[in-house]
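What follows is subunit A paired twice: with subunit B in the first complex and subunit C in the second.
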Partner chain A sequence: MHLELGKIKITDIQFGDLTKVEAGVLYVNKQELIDLIMEDDHIKGVSVELARPGEEVRITPVKDVIEPRVKVEGPGGIFPGVLNKVTTVGSGRTHVLSGAAVVTCGKIVGFQEGIIDMTGPGADYTPFSKLNNVCLVIEATEGLNQYEYEAAARMAGLKAASYLGQIGKDIQPDEIKVYETKPLLEQAVEYPNLPKVGYVYMLQTQGLLHDTYVYGVDAKKIVPTILYPTEIMDGAILSGNCVSACDKNTTYHHLNNPIIHDLYERHGKDINFMGIIITNENVYLADKERSSNWTAKFTKYLGLDGAIISQEGFGNPDTDLIMNCKKIEDEGVKTVIVTDEYAGRDGASQSLADADPKADAVVTGGNANEVIVLPPMKKVIGTLDYIDKIAGGFDGSLRPDGSIEAEIQVITGATNELGFNKMSAITY
Partner chain B sequence: MKKTIITNNLLVHDKYNEKMGIIYLEEFSYLDILKFVRDKIHKGHKLLTHPLSGSIKPNETPFKSVAISTKKGILDLQSLEIIQECIITTEKFIKVKKTPNWTKEILEDFSLIDFSVIDGAIQSMEQFYYR
Partner chain C sequence: MVKEIERAGIPVVHICTVVPISLTVGANRIVPAIAIPYPLGDPTLEPTEEKKLRRKLVEKALKSLQTEVDGQTVFED
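What follows is the complex of A and B.
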């Protein structure tokens, strides 16, 4: 499968009469976007606001972040099985408004989390402070339950990203990157002397506000399967995960998965990147056993020498991670696991809820219990009412001057377990 | 495998009370539920769902529902290992910050999410045959 990814660099964002890109500036017709979102009768109101890098703006509570993309050539459309037919995507050409994103906010439940600061110390912890963000603050109609509200907010974000992505269709990209993974047997012989490496991609799948979708299917109902890496760049995997802001994978993370990116960078140089095994993180222990048995089976079936395993979320996925690691190692396939830590505020406590001597190669996204003070911002997009009610916040988190003292787990993407952040730790 | 749900969540109790075994422990905290489950595992029950289900931290939500086997057998070491790690993790969180006194509305949201998480697991258990 061969995909050209054309990046149209966005350096600024403005409201305008026409939604377009001109000289790197993304102009958004606000009313047109509002009308599109309001087509859904589950939504009572939406406010559309812009947030640029360096501005004194705080966005909260963030639900998802989505990058605008459009299929230019090849089968299918972006977000297959949801916004487009379930056609298999990942080949042809896709254009990206790189440097722009849609950020959805909404009070789906009373306790909240997810902060993006566009400047100040908090901005260093989230990659989304570097983007030109179109923020949608979504208000649900009266009487809508939490499931319906979450689904409406999720859909609104995807529709907005697709609407913006469309304008990139006829624009010449600033940069074109080519990604290719061949069918298994061809790929295996292309670089016969390089170690064959695969990626085991764990998806959060546990219920309300904890779900992920693959081609529109609730991933808690799948058994592990194989995807070409480029399918993910076309939106085959979507986030419905709104809990644990620091280590959830937003849709933006899925589209720009840095593990996939880095494996491709080394593809043909010192590794042969064979493809992706997606798996879930279910609550029922028999599901965990089955899924980890299958990931191990696939690593052997694909003839891998090594596998990278990434986790999503806190607590019980630690068990899936270690099950995957142990069983894959037992197949004779070397593993590296990617996770984050809840090691207490001093970093001295045990980091994960599970462990094994075979998990001897670990990449960490950082300690989510680390405390940070976020200074007040001039403008808040969304609401600050809930800062005392967020993961890692505590009574009195929101000080009278508007500053916030909390653990970095309040910040969207702070300890991302795909490594889409700056923090890590190295031991020898 | 015939299951029993151990919960401090009234919503879970009300939804499943007539369909399966439920031990409803109204006054129990999140940690109390885990310790109760641990004692059951010591007596030979098997853990069926992961006790740290959901990404909501153990010092955030007061609600916890866990499924164990109704039947007793010999001590299941994997179950014991998992529950012990979960208790250590929960104590670590509570030591730093206790669960706040949430408003009624927020408690209802936590209750619904705990229900949704255990409900997904129950659906998964019952997709082939119902007991």
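What follows is the complex of A and C.
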């Protein structure tokens, strides 16, 4: 599968009469976007606001972040099985409005939405402070239950990202990158002397508003399977989850998964990147056993020498992570796990709920329990009503002057377990 | 909690869904539960069936408490 990914660089964002990109500026027709979102009768109202890097703006409670993309050539459309027909994507050409994003926010559905500060110390902890964000503050119709509201907000974000992505269809990208993964047997012989490396991509599927969708299927209902890496760049996987803000993979993270990009960077140089095994993190022990058995089986079946395993969320998924690691190692395939830590505010507690001596190569995205003070911002997009309630907040987190004292868990993407951030640790 | 109560001389059975974590933390008697969101029940069952399931789990747990163990033991069916 061969995909050209064309990046159109967006350096600013403005409202305008026509939705378009001109000289790197994304202009958004506000009313047109509102009309599109209001097509859904589950939504009572939406306000569209812009947030640029460096502005004194706080966005909260953030649900998802989505990058605008469009298929230019090749089968299918972005977000197959959800916004477009369930065609297999990942080949041809796709354009990206790089540097822009849609952020969905509004009243919480659970307690695990997050904060994005566009400036100040909090901005350093989230990659989304560097983007030009179109924020949708969504208000649900009365009587809508939490999961209906989550679904409506999720769809609104995807529709908005697709609407903005469409305008990139006829624009010449600033940069084009080519990604290719061949069918298994061809890929294996292309670089016969390089170690064969695969990626085990764990998806959050605990249910109760902790879900991920693959081609429109709720991933708790899948058994592990194999994907071409480029399928993910076209939106084969998207976030429906509201797990802790710091280590949820937003749809933006999935589209730009840095493990996939880094593996491609080294593909043909010092490794042979064979492909991706996706798996889930379910709440039944039998499911955990079955899924980890299958990921281990696939790593062997694909002839891998090594595998990178990334986790999403924390707590009982730590067991899925360790089961994957142990069973894959038992197949004779070397592993590196990518996770984050809940080691207490002083960092002295055990970092994961489960452990094994075979997990001897670990990359961490940081300690989610670390406490930070976020100064007040001039403008809030959304509401501060839930700061004390979201995971990582506590009674009194929101101070009278609008500043916030909370664990970095509250910051969207702060300890991302795909490594989509700056924090890590080295043991000497 | 399991370990501290046992340290005080009272035997403990840990009913839990994620048995590997229970093994990692060092529980001696482990009874596998149903699922993380509903360890001691199953909302997909009819109420009468669910009651039987719940009773069975509790009885299994009580039985395990009366069973001598030599190291960590998982009480499967």
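Keep in mind that, in the parts below, the second predicted complex is superposed on the first by the 421 of 428 C-alpha atoms of A that agree within 3 Å, B and C clash if a C-alpha of one lies under 4 Å from a C-alpha of the other, contacts with A are read in each partner's own complex, and residues count from 1 in each chain.
Here, a contact is a pair of C-beta atoms (placed from the backbone, for glycine too) under 8 Å apart; a residue touches a chain by one contact, two chains touch by 3 or more.
Remember, it's a predicted structure, so these values are computed and weren't measured experimentally.
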Fit or clash - subunit C, subunit B, common subunit A: clash
Partner chain(s) touched by A:24 [first = subunit B, second = subunit C, both, neither]: neither
Contacts of A:283 with subunit B and subunit C, given as first, second, both or neither: both
Which of subunit B and subunit C A:110 touches, first, second, both or neither: first
Touched partner set for A:342, first subunit B, second subunit C, both or neither: first
First (subunit B), second (subunit C), both or neither touched by A:54: neither
Most subunit A residues touched (candidates subunit B, subunit C): B
Subunit B versus subunit C as contact partner of A:146, first or second or both or neither: first
Subunit B versus subunit C as contact partner of A:323, first or second or both or neither: second
Common ground on subunit A, meaning residues reached by subunit C in one complex and by subunit B in the other: 206-208, 283-285, 288, 316, 318-319, 353-354
List of subunit B residues in touch with subunit A within their complex: 47-58, 60, 67, 82, 85-86, 88-89, 92-93, 95-97, 100, 102-103, 105-106, 108-110, 112-113, 116-121, 124-125
Residues on subunit C engaged by subunit A in the complex (per definition of touch): 17-21, 24, 32, 34-37
Contacting residues of subunit A [partner subunit C, same complex]: 206-208, 283-285, 288, 316, 318-319, 322-323, 353-355
Residues on subunit A engaged by subunit B in the complex (per definition of touch): 109-111, 146-147, 204, 206-210, 220, 241, 243-244, 247-248, 282-288, 313-316, 318-319, 342, 344-345, 349-350, 353-354, 369, 388-389, 391-392, 394-395
